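Before anything else, here is the set of structures, which you'll find just below.
Here chain A shows up in two complexes: once beside chain B, once beside chain C.
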Partner chain A sequence: MSATDTSSRVSRFRSAVAEGWTRERFGVLGALALILITFAPPFQVYLFTDFLVVSLFALGFNLLYGYTGLLSFGHGLFYAGGAYGIAIVLRDLGPMIADIVGTGISPLVTFMIGGVVGLVLVIIVAVPVGWLSVRLQEIYFALITLAFGMLGYSLIIQDPAGLTNGTDGVIVLLGTVDLGGTSLRIGGRRIYYVISTITVVAATYGVWRIVNSPFGTICKAIRESPDRAAALGIDASHHRWMTFIISAAVVGIAGVLRAGLASVASPGLTHWSTSAIAVIATVIGGATYFYGPFVGAFIFLYIRWAISRFPALEAYWELFFGALLIAVVLFFKQGAVGGLLLLRDRVLGNNDDSDPGGRENTVDPGEQASAASDHEDEPGNDNMATDRGDDT
Partner chain B sequence: MTTVLKTDDLRKQFGELTAVDNVSIEIDDDKITSIIGPNGAGKTTFYNLLTGVLQPTGGSIWLRSGDQNELTDVTDAEPHEVAQAGLSRSYQITNIFEGLTVRENVRVARISHEGTRLDFRSRATGDESVEADIEEILELTGLTDIADTPCDTLSHGEKRTVEIALALAIEPNVFLMDEPTAGMNPTEVTEIVSLIRELDADLDATFVVTEHNMDVVTDISDRIVVLAEGAILADGTPQDVLADERVTEAYLGSDSV
Partner chain C sequence: MSLTSLVPLIGISDVVIGLSLGSRLFLIAVGLSLIFGVLGVLNFAHGGFYMLGAYVTLAVVSNVIDNFWIAAVVGALAVGIVGAVIEFSAIRRLYDRVDSDLDQLIVTFGFVLVIHETVRFIWGSGSYSIDPPDVFNFSVTFGGSTFNAYRLVVIGLAVAVLIGLWLFITRTYFGSLVRGTSSDREMAAMLGVDVPRLYTGVFFLGSVLAGLGGALSAPLQSTSPALGDQVIIDAFIVVVIGGLGSMSGAFVGAMLIGMMQSLGPQFISAGSIAIPFLAMVIVLLIRPEGLFGGIGE
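And now, the complex of A and B:
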């Protein structure tokens, strides 16, 4: 069944082109692109940073949705958790940290401590929230996470502990690092882009490792059939809980970056409409693909930007987006990545799997159902039959 | 001969209805046992009790766990605990990881068996001994040729075989097969029956089968247990059980055809 069966030159040329896109070359090109963007106009640098942060937000969300099969409508809670964690550290502990490490590098140290505090805060919140939520499935899971997100929203606005500054949120001042004469403003667009890129690339690599680990394999099994997984000795509920915490932590890192980018940690981050951004970006990009959230976030942010270039249309950008979402849900069940891969297969005229994007091997069940039911002419079926015949 | 699975007065009630009525049974490791009965006889409920999906109203379930000689009480165990203790099952309605390839399906079971499910730092494919075990199971079940095919593109018969491969991959002491030939055409039935025979000869697992196809039942079973209205109606060799008038009556007297 492999591509080598076909001997025509054309197909060999095509597969050579396809194989040219190795993971290494893709990586090098990606790194070059990321470096080139530092030379872009400031607004474009800002927009691209925004894209990276939203991507990481959606990537963390998708660990739970695309990989484990749980649709959370409350991941804004962890986005906000990371953002408020760093914002409060910057506001309340900045001077203290400056006393200890000296004013020169204190903004950077404060930023890093704030990031860690944001991450720890998110994990502390995610442990009980996840434990309660994973007991439910499907729509009930979506609803309970939505409820936790909105609970967080209310708490942040009402501010019972006097930490979150109500509806105004906490202003984030990242400060300037002074290294023997060279001063670097952390909040500067290019510097912040570099910090975000390094963080997002590292976090993405971490998530990639997780989804390709034994842990991630079990996540996919639970997505496909939780009771089957349990019948093989897997504590599905516990595994979901662990995935929930990891997913929240990744979203928390995105939240930390969001605070610095927006210069404010605001209650809106935990509103359901923010949680929905992760859902929409993932669905548009393709939840079954590792890079789906990136593609979805890219489409989301750049279409919004493109529409904003036409002031007459800007007020209706959500309408455009709604239409796009409907189109994707109706016609591209595998999202934009699925559509692109389909296009690639059409253009290259092959079906091989040597793609660079770390594509997942899930296939649209709807499209395959007809093929599966028509099993008389499956080559594998005949092979198996003859094998068995030989054995007995 | 060793007892690998035992129930003591196992009982399940749904309100007024007694679905499983004081069933006491011992399964021995040297036989293929079939559990049959007309529709509504309580077979499915009995399976769900054994596998921890349902909690019994009364009675107890004992299972040989690992290499232990003493039976372990699994009456109140969760499904995953029952599976870890050594009881594996296949489903009447195919229940496999459709979106994954055949090999990945088996890998899931092996990861579970190895106890490495929380390992998020290694590569899932990185453990050579696990990969070799997967290969062995694929070979044993004749799935090697389609190992890298996504399961949702497989034929029904192939999916049913994956179902068996999955259940075996956790090296159970007891393997409950729920209607292994469900929905199969005659050729596929012949194949699966010879596969079950081979596996029973090759493996330590004790096979317990429920089945509607009476030819298959008489063909593979060393012992048949007949359930009717939740209780054991007959229990013995295929010849004895099929000659039993009460059995014929139970089948003809029910709604099943």
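And now, the complex of A and C:
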């Protein structure tokens, strides 16, 4: 008796979950969660903002890695580009902008102008760097991006133009907006969280649209089979170049947000070890999925935070991520998102071990809607699973 | 500026320091290059191996036996074993993947973090240093400048390693197997070469060289956990300039970068640390196979 009771409850749960997991409801739930976080303790707000910024950094990186198969070890260059762009505008142009728009609103205007300048700066750098880099592939692409990143690092440290303030970096002071009595400190954790959330959500939506556009489809085609794409008349290196620029721009936006969050644009942002954060987050999260970088960044920041709760372990958090990175690449290329989808299929009863990504054979009618949306979201399809993941 | 006014600026000691810096770079880069040439793996953890070699040598000298040369051999062999275990347990699983190159790079990067943190766990974050072995720990004055005689020993050993490796690859049976497997892995396997074992052997050899580099330079620098991260980037520059897979290229590239590190700041005050990276970019774009090509050259 109890057995049938349980199974009927399980099936009811399954259908409820299956019908409920539509993209709209996810969206509403996500927005609610983002609003609720505003009321969290200040440190948690800060940590979540950090998570959003690292997510955007990794998302931009993965646009290149997950969608065209080019592994960059130099995206720190663009992260720093955005950060230094806004930092220098805030430092050098703040008073001038205050003269034009008035002191009340000038911090916000300066922040926005700085953000745009940072983004434009990144694009200006990414156009030639990308054009040169995409001539190479695989290891050689990784090496040339590493070299460009470290070239940027050396120039920022040595500061031949007198703009970047050497190893100390540029301090970022965001200021306070004063609107007839109400003053809002832009750098305040909650305000900055709201700014970051709006920016990251908008940028993510933009990337999502690009990925699902004809352009994105072509990129995936190039990744799966460059020769076949070329035979269809696609100029692969042009598409790689364009993807490189878009990827750099997204990372640049993340860099702008990073500068405000850290209150400084420091040369360390260009160093290859910063570029490696995007690699770690993306690979752990699952490079073959659109949301992989988000999940990876979440794991990266929150596990690091959890480890830091234990003083004995705090100093060795990199050990954990090194081991996790090795384990993911060796045994589970789909990463954490792949794991979550597998878990979802288990819960929903679409138990099919031959398909770890849970992407085919999801025939449960109530589940069709969400399954279909997942298909769109994933840069990887089933070819991907056979090519990159399962053949250990 | 005329030549006569330039020449006195270059002291003999600067040249010797440059060459000894180049020698330690050569020992890392040649192992990196050998592994890439045969296995096709770009080992990000090679800088970590170098650092580990230095640490093991320091530990043996200060705790076990007060003989630098024995300690250096122990250090090099210990690193070789670590390398062989990593190849055997992790990297081996990736050879047959479609995009194996990048997966290998990411896995070896994972080992960068693991080695770095393990070293920090065992030896702490501080830096260590030891004196050169007593026999060579004296100053040489030559042409008006002074340097430690041990630097000459390091340079001599680097040259000896280059010659030894060259003889090993071109004149021995094992060397011919390495060359054969490097140029056509399937054919070598079909002809009865035990490719997996050969790969482990080459990885062992490359790791031993990195460990030896670390061991020999322990008296010349302070050893800290950050050492691996610094040195791997220099090694990447060297192998790119010399050509991935080329041993003589690694030697010339290493000496070039070593001299640049030693003499560069005297000539170009701004941008001197940027020049090696600029050179790396230019070589990758114009001659991705490096200035010297191919294994065994």
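Keep in mind that, in the parts below, the second predicted complex is superposed on the first by the 333 of 392 C-alpha atoms of A that agree within 3 Å, B and C clash if a C-alpha of one lies under 4 Å from a C-alpha of the other, contacts with A are read in each partner's own complex, and residues count from 1 in each chain.
As a convention for this text, contacts are C-beta pairs under 8 Å (C-beta built on N, C-alpha and C of every residue); 3 or more make two chains touch, one makes a residue touch a chain.
Just so it is clear, the model here is predicted, and its values are computed rather than measured.
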{"item": "Touching partner for A:220 - first (chain B), second (chain C), both, neither", "value": "first"}
{"item": "Which superposed partner A:41 touches (first chain B, second chain C, both, neither)", "value": "neither"}
{"item": "Touched partner set for A:162, first chain B, second chain C, both or neither", "value": "neither"}
{"item": "Contacts of A:135 with chain B and chain C, given as first, second, both or neither", "value": "second"}
{"item": "First (chain B), second (chain C), both or neither touched by A:321", "value": "second"}
{"item": "Touching partner for A:276 - first (chain B), second (chain C), both, neither", "value": "second"}
{"item": "Which of chain B and chain C A:329 touches, first, second, both or neither", "value": "second"}
{"item": "Shared contact residues on chain A - chain B and chain C", "value": "387-388, 391-392"}
{"item": "Partner chain B, residues of chain A touching it in the complex", "value": "209-210, 212-218, 220-221, 223-225, 227-236, 239, 242, 246, 288, 361-363, 365, 368-369, 371-372, 375, 378, 380-381, 383-385, 387-388, 391-392"}
{"item": "Contact footprint of chain A on chain C as seen in their complex", "value": "42, 90, 93-94, 96-99, 101-103, 105-107, 109-114, 116-118, 120-121, 125, 229, 233, 236-237, 240, 244, 270-274, 277-278, 280-281, 284-285, 288"}
{"item": "Residues on chain A engaged by chain C in the complex (per definition of touch)", "value": "69, 71, 132, 135-136, 138-140, 142-144, 146-148, 150-151, 154-155, 157-158, 160, 272-273, 276, 279, 283, 315-316, 318-319, 321-326, 329-330, 333, 387-388, 391-392"}
{"item": "Touch list for chain B against partner chain A, complex", "value": "51, 53, 78-80, 83-84, 88-89, 91, 95-101, 104-105, 107-109, 111-113, 116-124, 142-143, 145-146, 149-150, 152-158, 161, 166-167, 169-170, 187, 191, 194-195, 198"}
